[in-house]
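Reading through the structure tokens given below for one structure.
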């Protein structure tokens, strides 16, 4: 699965996309990126968007979902 | 003394200026115009401005003051 | 900063005049002539001002707003004369470092303007006309 | 109504699009790039958006605002890319029959935008840079 990255998460990972494998749920994805990239763990918050909607931790991920990490937003 | 008139008071009196005599205070001026022009008495409120400032009833009027009747305002 | 005029108001010029390097927010209130009041069709409005006193009262309102909020720039332009539906009688703009103060200050200014500034509005209907707020 | 663009925002066009015969008030919020944050000199800002999701979240905010207030027209334009001091990252405009609802709705939209819309801002200083709100 490909995960889109923005803002500070893009800079921490070092690119706009991250490939992950064997991840079943949103919660697992969060655990994986936080343990793999300690910089992400230090953020104020981390959300995951699935198909352009904020997703809960128990949501199951599918291969063709559009998945994105959402670090703390700061628009406006 | 000349009194400037605006809005509804200008229409009630029938012109932009009103000449009054033997008026000593703001309160007397209000009493005079309300008794002379019953339409003014029917207004929601009547203020008097002296030299471009809202004036209290006990203020003494002088011949060279700029005096105006201020019916209820409705700008904006 | 304060303008009372019988010419159309230039909203963009007013907004441009708010530019300030310390500013983070500009709040703008634009009054527009509505086609209906209390269920009745309005044809046009007519505004009249006691100009020197209106300017004086607006100055007081702006000074009071500056005391209450950290305002960088502020402008109030009011039009007089005949205005058709959708035309703009008033534009108020406030520039502040942060947005909350801008919303509060701008609302304070228009609310107070309507209470104290000697400007009068006549609504013209098909079958008559009314000086707004004049009668109970 | 919603626009996310790397081009300068056209405030006057947004305001013009608010025209409505039933409208009595237009409230406009214009965000501007401030030269200082927490006492530190800012050189420029960089904005980045997750565009399809940002549009979706903005649509939700506008729909919720329309449920809460009698809104005639509403627009939110947000710029992305590099912005210098005094440039405009965001313009929000709301047209309502009466002014109180316009102030409330416009403030609701900017407040909620800052909480939920996936747009990120990096502050560039002389000696470094910071993603706003990212860290405690």
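We call the chains A, B, C and D, going by the order they appear; numbering starts again at 1 in every chain.
Just so it is clear, contacts are C-beta pairs under 8 Å (C-beta built on N, C-alpha and C of every residue); 3 or more make two chains touch, one makes a residue touch a chain.
The structure presented is a predicted model; accordingly, all values stated were derived computationally and were not measured.
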item: From chain D, the most remote chain by mean C-alpha position; value: B
item: Centre-to-centre distance between chain D and chain C (centres being mean Cα positions), rounded to whole Å; value: 23
item: Gap in Å, rounded to a whole number, between the CA centres of chain C and chain A; value: 48
item: For chain A paired with chain B, centre-to-centre distance based on mean C-alpha positions, whole Å; value: 71
item: Chain C: positions in contact with at least two other chains; value: 31, 110
item: Junction residues of chain A, two or more chains touched; value: none
item: Pairs of chains, among all present, that meet the touch criterion; value: A-D, B-C, C-D
item: Chain C-touching residues of chain B, taken from the complex the two chains share; value: 4, 6-8, 10-11, 42-44, 49, 52-54, 68, 70-76
item: Sites on chain C touched by chain D in the complex; value: 11-12, 15, 18-36, 85-86, 95, 97, 99-100, 102-103, 106-107, 110
item: Residue numbers on chain C that touch chain B, as the complex places them; value: 31, 47-50, 52-54, 56, 78, 89-90, 110, 113-122, 131-136
